[in-house]
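Chain naming follows the written order as A, B and C, and within any one chain the residues start at number 1.
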Amino acid sequence: MSGRDEPFFPVEGFDGRVSAEEAARAPAYALRVLEASLFAAPEPLTEKALAARLPHGTDVALALRVLVQHYAGRGVNLVRVGEAWAFRTAPDMAAALSAEAREPRKLSRAAIETLAIIAYHQPATRAEIEEIRGVATSRGTLETLLEAGFIRLRGRRKAPGRPVTFGTATGFLDHFALESVSDLPGLEELKGAGLLDGRLPPGLDLPAPRDDGALAPDEEPLGEGDPFEALSPDDDGDAAP
Amino acid sequence: MSGRDEPFFPVEGFDGRVSAEEAARAPAYALRVLEASLFAAPEPLTEKALAARLPHGTDVALALRVLVQHYAGRGVNLVRVGEAWAFRTAPDMAAALSAEAREPRKLSRAAIETLAIIAYHQPATRAEIEEIRGVATSRGTLETLLEAGFIRLRGRRKAPGRPVTFGTATGFLDHFALESVSDLPGLEELKGAGLLDGRLPPGLDLPAPRDDGALAPDEEPLGEGDPFEALSPDDDGDAAP
Amino acid sequence: MAASPGDPALKAPFEADAGAEAEGPAFVVDLDGFEGPLDLLLDLARRQKVDLARISILALAEQYLAFVEAARAERFDLAADYLVMAAWLAYLKSRLLAPDPKEPDGDEPPPEMVAAALAFRLRRLEAMRRAGEALTARPRLGQDRFARGAADPQGAAGAPLWTASLYDLLTSYVRLRMKTLKTAHTVARRPTWTLAEAREALQRLVGRSADWARLDALMLRYMTPEMRATVLASSLGASLELAREGRLELRQERAFGPLYLRGALPLAPDPDVPSKRFRR
């Protein structure tokens, strides 16, 4: 991370990304409104939402760059989260802030793998996720990720059956400190190695994971009741079929 | 309050409360920890609590004075709250914040259900919504959805009582990132995406939602009168019928 | 994680000595540690200790088949997926070992291509697994980085900005529709006429009438088509009960003949008598 060696109060000399003349064009009032807005907002704010609070014609992008730079070396940074912006404590403050640390959100291995596949292959359908993992995806796994705000329903694939596609949500970027999905670790390498290419040509498929809804020999019908409730709440990981 | 006329980046000349030499004695690390701690803490922090997070012997009082001064002219100020310290948006920012600062709130379950029914079954009358939900729909729920821009009054059903028909509004498409309501997934897609249990009761079918803007054959324009009257009787909360 | 090479669960099928397991099912292969055949294959492939891009699919197929063989020799039930994969790999192995000389037979891709595709899939799964690890190693919100801790009392809010996710919308809609369906089932439940209802009706209809009347004729008014069976059953049960209590008398001329009943004699009978009055 940048910063710790920079002067605590960045005086004139900006580090080149924003020149002093440029910075001077960002009106103090706009900077103050942005600071206050971003501080007060419980969720990241989009540039559009921020612009709505500023006098018409304000160069929001420039003002944000000035603030990013100003906060670069501080205990709190201004970070981009997809299309939005938020203040977050600097990553190297973790140790000092251990009092604030919550119990880490427990993601099963299946959930992490599914999340990674959705992130790197998005938009991804459930069938594509299953093709890569080689196992059926449990409802619980997708639900966990949806409820955590890590993934979202993006749309539908223009393909037979028009299957629903999943993609990452802003919460994913925020949680994993990514500015955008193009910052995913190792993305370029994986692309270069052809590991993110689409589906294999038919005929080269492995036996597909089983998810035909039919009962296995060791299962019995759900019986009465709400099928949603019938899913045990801890049905989180994907069981090997 | 202070601020708008002061230089945005307080350079050397502190206003006398903290001299430059004093400020230099406050180590950047301590200042950063204080910033991060005060930002992330759920409640104002006492000097003692802050000292506990800093290297032994740090002059917490001095560090706090340096920060107070640094944030004096900004959109966010460091303020004393009783015996403790906290960041607060600058008082003169209130106007800029309240104009657009809308606290995101989750739609109630009743509202989401009502919205979903309207989306899939539009044009839908209040009676039709209640038939599916099995409970009376409060006027407040419909008003919330109307005010949020998720639904609109489409017209009236050509039927006894000429009940008002509801449909989705553009705000709905914007919020859920849909191009048209026909992009809402159908039964098979929901199943395929893993959002539905494989074993569905027979007879569950989802209508193909559509909203071409024009009135349906059995609809007529709203006509005269306060359309909100159609929402009465005024009962708060959803009651069983 | 999948079982590591040192994991006893995995070693078992290979290294267990045959004698030890001669009797009893004490032997458990922990396939639960694997998320399906592909996961197991990946674990086996890693043990070839070469770059995944250069693994020998033939050797991998043999290892997999040996694993499955060993598990089956121990009478361990393997999930169907593992067996399907075994069959597929056995077929691939046979094609790799004995290439068909008269090549283009049907549209089957050459076995080398199929093997390459399998290798690709293993590398891709491995890559996604590493990507997941890389993600979780990042400074995470709420653990290493923090959002504002408290609401800002001065950040006055205007009208609330209502939010909901598409997921919320869809799941609540489906839930509703399922609920409606369930209610419909309850309504359609087979109608019944309870014994108590039958008893009450019989007492009202027969009362103390001394005339014999046919049970099915008496009950005619209750017998809509769907109620017929339940009305007959309940009224018969109730009339037997009432006869036992001495409140009415029953008469049947022959087996399966019509059943007649009339009110009991006005004098309160001896408790033993009613059963005698019940003539067949």
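Simple rule for what comes next: contacts are C-beta pairs under 8 Å (C-beta built on N, C-alpha and C of every residue); 3 or more make two chains touch, one makes a residue touch a chain.
For clarity, every value in this text was computed on a predicted model and none was experimentally measured.
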Chains adjacent to chain A and to chain B under the stated definition are C
So which chain is farthest from chain A, going by the mean of the CA atoms in each chain? C
Identifier of the chain whose CA centre is least distant from the whole-structure CA centre: A
For the chain pairs A-C and B-C, which is connected through the larger number of C-beta pairs in contact? A-C
Taking each chain's centre as its mean C-alpha position, how far apart are chain A and chain B in Å? 19
Centre-of-Cα separation between chain C and chain B, whole angstrom: 39
Please tell me the distance, in whole Å, between the geometric centres of chain A and chain C computed from their C-alpha atoms. 34
In chain B, what residues contact two or more other chains? 36, 39-42, 89, 93, 97, 99-101, 103-104, 177-178, 185, 190, 195, 200-201
Pull out every residue in chain C that's touching 2 or more other chains. 146-149, 152, 154-155, 165-167, 170-171, 178-179, 182
Enumerate the contact residues on chain C facing chain A in the complex. 1, 31-32, 34-39, 79-81, 84-85, 88, 107-109, 113-114, 117-118, 120-121, 123-125, 127-136, 138-149, 151-152, 154-155, 165-167, 170-171, 175, 178-179, 182
Quick one: which bits of chain B touch chain C in the complex? Just the residue numbers, please. 36, 39-43, 86, 88-89, 91, 93-94, 97-107, 109, 111-113, 115-117, 119-120, 132-134, 144, 147-148, 150, 175-178, 184-185, 190, 195-196, 200-201, 203-204, 206
Can you list the residues on chain B that touch chain A in the complex? 3-4, 7-12, 28-29, 31-37, 39-42, 53, 70, 73-76, 87, 89-90, 93, 96-97, 99-101, 103-104, 177-178, 183, 185, 188-190, 192-195, 197-201
Note which residues of chain C are touching chain B in the complex, please. 146-150, 152-174, 176-185
Under the stated contact criterion, what part of chain A meets chain B in this complex? 4, 8-12, 28-29, 31-37, 39-43, 49, 52-53, 70, 73-76, 87, 89-90, 93, 96-97, 99-100, 125-127, 137-139, 142-143, 153-156, 161-164, 166, 211-213, 221-222, 227-228, 230-231
